[in-house]
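Next up: some structures, all given as structure tokens.
Same chain, two partners: chain A is paired with chain B first, then with chain C.
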Partner chain A sequence: MRRTMLFLPGNNPNMVMNGGVLGADSIIFDLEDAVAPDQKDAARELVRCALEMLDFGGCEIIVRINALDTPYWKEDLEAMIPLKPDVIMPTKVSGAAYIHELEAKMAEEEEKNGIEIGRTRIIPLLETTLGIENAFEIARSTKRMAALYLGAEDLTADLRCRRTKEGNEIAYARGRLVCAARAAGIDAYDTPFTDVEDLAGLKKDAELARGLGYTGKAVISPRHVDIVNAVFSPSKEDVAYARDVFAAMEEAKEQGKGAVSLRGKMIDAPIVERARQVLEAAAQIGGMLDE
Partner chain B sequence: MKIVKPAAAGTLESSDILITLKPGDGTLDIQLTSSVDVYYHDTIMQVLKDALEEMEVTSAQVQAVDRGALDCTVRARMITAIKRGSEVES
Partner chain C sequence: MSKLAGSLREAIAASGLRDGMCISFHHHLRSGDYVLNMVLDEIAAMGIRDLTVNASSIHDGHAPMIEHMKSGVVTGLETNYIGPAVGRAISEGVLKNPVIFRTHGSRPSDLEQGVSKIDVAFLAAPTADPMGNCTGKIGKSACGSLGYAFVDAQCAAKTVVITDNLVDYPLYDWSISEDFVDYVVQVDAIGDPRGIVSGTTRMPKDPIALRIAQTAARAIDASGLLKDGVSFQTGAGGASLATADFLKQIMLEKHIKGSYALGGITGYIVDMLNEGLFEAIQDVQCFDLKAVESLRTNPRHMEITASRYASPTAKSTAAGSLDVVVLGATQIDLDFNVNVHTDSKGYIIGGSGGHTDVAACAKLTVIVAPLSRARMPIVVDRVLTVSTPGSSVDMLVTQYGIAVNPARPELKEALQKAHLPVKDIGELKALADKINGAPKKREIKKDRIVAKVQNRDGSLLDVIYGV
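Take a look at the complex of A and B:
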């Protein structure tokens, strides 16, 4: 279950060391924007030592590497792949060719280090207009693809518009990305909410993304983790309803009924599928099915 | 590795350590000051020595100012400083 992906600046020991206790499902060690060009080597070494020596409490480990048009990305992969992170997050991904170039280097490093080729998955950051337009092609470009992730800050610069809290300027990109991801059978992650203090705004923004079909959201502050986790978790009412759906299905089966209704509404295949998704999510989060 | 030029890694921020390194006179000279020196002096020194030994550095002057860094931070900063100090300008 990946509801939150928390960014940790790769050269900040305080954040890196505490990454496993901040409540996020996934932690992203950032070697890109959060690290100054003259500190890339230091960040790489800090993250490498942290992954070697620390236990991050079962959090999924993601490493955001530098873009393929920089001199850093190959060294990023050479340092990180041997440590078996769960996911590599490339940035400014524009199309399938970009992913193919990346995964060739990933495979080379996996082979060199005796790691099963294809073990390390990819969640690309789509943050350019070209990347958004090619979202489906990117989503289907490799078996390593775990999800698509929308980055709105660079995208709005590329769109030549202002980034607002309301997010009308990224409505098309949000819709296009989640549709592409779902069509390819993978997850979709929403852009971070960048006002660290505005927790009500964060909740509203996360609810909007969930309503569109997003699986979760990236966060840039530990303060945002609990709110985003809550928004992307099924509610007690959701779980109770999902259980009722399956109970009604079972009862109808025992009675030999073809059509099933619950609370005056017909239960059809999409309702059963949604109920299954809710119970699956609740099981993965843990504790929700015990009540 | 041979230290051929002065180099530094890390910061003076909380949970970090600032390590500066210079070419030595044939021995390892490590000067450590730490906000938690009374409790962890020997531990930090050992992590510094282990990293130097692992990188095959036998001659260097090392100055470390610790602000409560964990072992993995100490090790990472030491290794970064060594790599920076042993680079030959192209």
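Take a look at the complex of A and C:
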């Protein structure tokens, strides 16, 4: 499940320690923007200890490393790859060449540590206009690619416009990124909603992203996790309908019928596929299938 | 006749106070209270010594009493809670006799039953008339309920009311009646309003506290007790307060209307009353200005005495009808015993207050606590001090899961059915030790007892040794 991807500052012991219990599907240990330059090594050390010692309860583990034009990213990878995080998140990704440079170093570290090459996946942060324009190229640049992630704050600076809650200024980027990700067969993560207190605004923003086809949304506050999870989870009605779809398919099969209809509508392949996705998601969330 | 004394000294002298007696105070002015300090200063100046103070609670604002302990003016203390400032001094041996720790319920019970006696009660009163009718609802030092003070007035041999808002006789909306009052003293100020009640009680933002609270609320819902007519009490501390907020959301979603909320009352509980989620509030103590205002203006918000709150010898109590209580813990052990008296080094930092009472009475007692604080595990093999016996505790909710008392298998089953993260308490302890490292075992010298912790029935639960 990739409904929520929660940022945890890599230099905050309380947050790092408790990252697994905040309800997020994925947690991002941030070595980049949340950590001041003179704290980079301390954050690396704290995250290293946490990954060595603690169990994060099945959360997908992501480490956001520093950009490739900084002196930190290689050390980040050297410290993190041996700990087998699920995903490395590079920032300010502008094209396939960037990913190729990154994955060469990742492969080097994997080999050095006896880890299967290609095990560590990549979710790049696309937060420049060039990155958005090259989204499909980036999405297909490596087999490691797990999802694309839109970062709207830096993007709007690059676009030379103001970031608003309505998000009209990032409508194109949202559409372009999700289309590129889906075309490449991977997930798409929406940008975080940055007003921690505005929970109604958050819900609206998450619903917009879900409506566009996004898999989930990054969050910068633990308080946002449950709302985003709920928006990106199938509803009870969705689950009931999906079950009915499969029941109707089964019944038609028994009766030897070719065409299957449910509630007066034909069931075609996309409907069955959506139903399968809904039941799969519900099974992963747990509990929804008991009722 | 006139009960008005010209000065505090005059009232003390008239009360007949002498060496070796017991004087009492309530704690409704909390850390902003001036009365305990001013009375002890005056008594010391009069040369009276060897007194026992019986106070419902001692807060950090009462730190000046440490000097009176050193000088022998105060040699005994009977109370339900001691804040860290005075607690540390007592742990270090400043008080001649061991502290007697009671609970908010057993204190009035023991006074009413004659088990303990007060010679002179000094009652801080935010508003009083010259005959001693008094209330906490109005005045510049308004604190709301005077719940803990009723028993002092009723049981003390002499009662002195001390006020900074003297009004004409008769005060019409009185809480404590003149028939129990011997003397009235007017002073400039009985307390610092900033320390008496907070302006607003803030909901915690700590994501860990919120996660614990959310899990606790879901567990309470799963227990089956959250239905029409439910009654509950939650503390004013972080996760307890947040639990009330999550319960509120569930009650609104499910259209549940509760019966009453009990205890120390915050603005959040007042909001729940005003939104129709409860029929009434039974208030023994107000924690913020919103609660004070509500008590003054809303007849459904009732002031109750400490006896009615939780006395084990009362014919019935509000605690006795309680469905759910959410409480905190400094430590909890593998037998679910809870410590709220001492810190990990053994220093006195608190006390039961009503913890032991409501835990014993409620149908469901929920302890909310993080797995560790500042790298000290909260779940331990054995608590340093037993404040509330494990037999009164039904479950512990941490951010890493819920441990259910083995005596409640049906509760465990209900929580599992609701897909809540139920774990064995031993598992939680192992997890805490794994994360924090097992703390070094602390050597406690057992040569000096500084406090005795009584259960609500008066039996000895534990002793606290000097540090």
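Convention: the second predicted complex is superposed on the first by the 291 of 291 C-alpha atoms of A that agree within 3 Å, B and C clash if a C-alpha of one lies under 4 Å from a C-alpha of the other, contacts with A are read in each partner's own complex, and residues count from 1 in each chain.
Note that in this section contacts are C-beta pairs under 8 Å (C-beta built on N, C-alpha and C of every residue); 3 or more make two chains touch, one makes a residue touch a chain.
Treat the numbers as computed from the prediction; the structure is a model and nothing was measured.
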Look at A:Asp41 in the shared chain and tell me whether it touches chain B only, chain C only, both, or neither; answer first, second, both or neither. first
Of the two partner chains, chain B (first) and chain C (second), which one does A:Ala104 touch, if any: first, second, both, or neither? neither
After the superposition on A, what does A:Pro222 contact: first (chain B), second (chain C), both or neither? second
Quick one: is A:Leu54 in contact with chain B, with chain C, with both, or with neither? Answer first, second, both or neither. both
Just to be sure I read the superposition right, which of the two partners does A:Asn14 touch: chain B = first, chain C = second, or both, or neither? both
Contacts for A:Gly23 in the overlay, against chain B (first) and chain C (second): which applies, first, second, both or neither? second
Looking at A:Ala200 after the superposition, I want to know if it touches chain B, chain C, both of them or none. Which is it: first, second, both, neither? neither
Which parts of chain A are touched by chain B and by chain C alike? 14, 17, 53-54
Of chain A, residues touching chain B in the complex: 13-14, 17, 41-42, 45-46, 48-50, 52-54
In their shared complex, chain A is touched by residues of chain B numbered 9-10, 13-16, 69-73, 75-77, 79-80, 83-84
Note which residues of chain A are touching chain C in the complex, please. 14-15, 17-18, 21-23, 53-54, 221-223, 226, 286-287, 290
Complex contacts: residues of chain C adjacent to chain A: 205, 207-208, 210-211, 214, 399-400, 419, 434-435
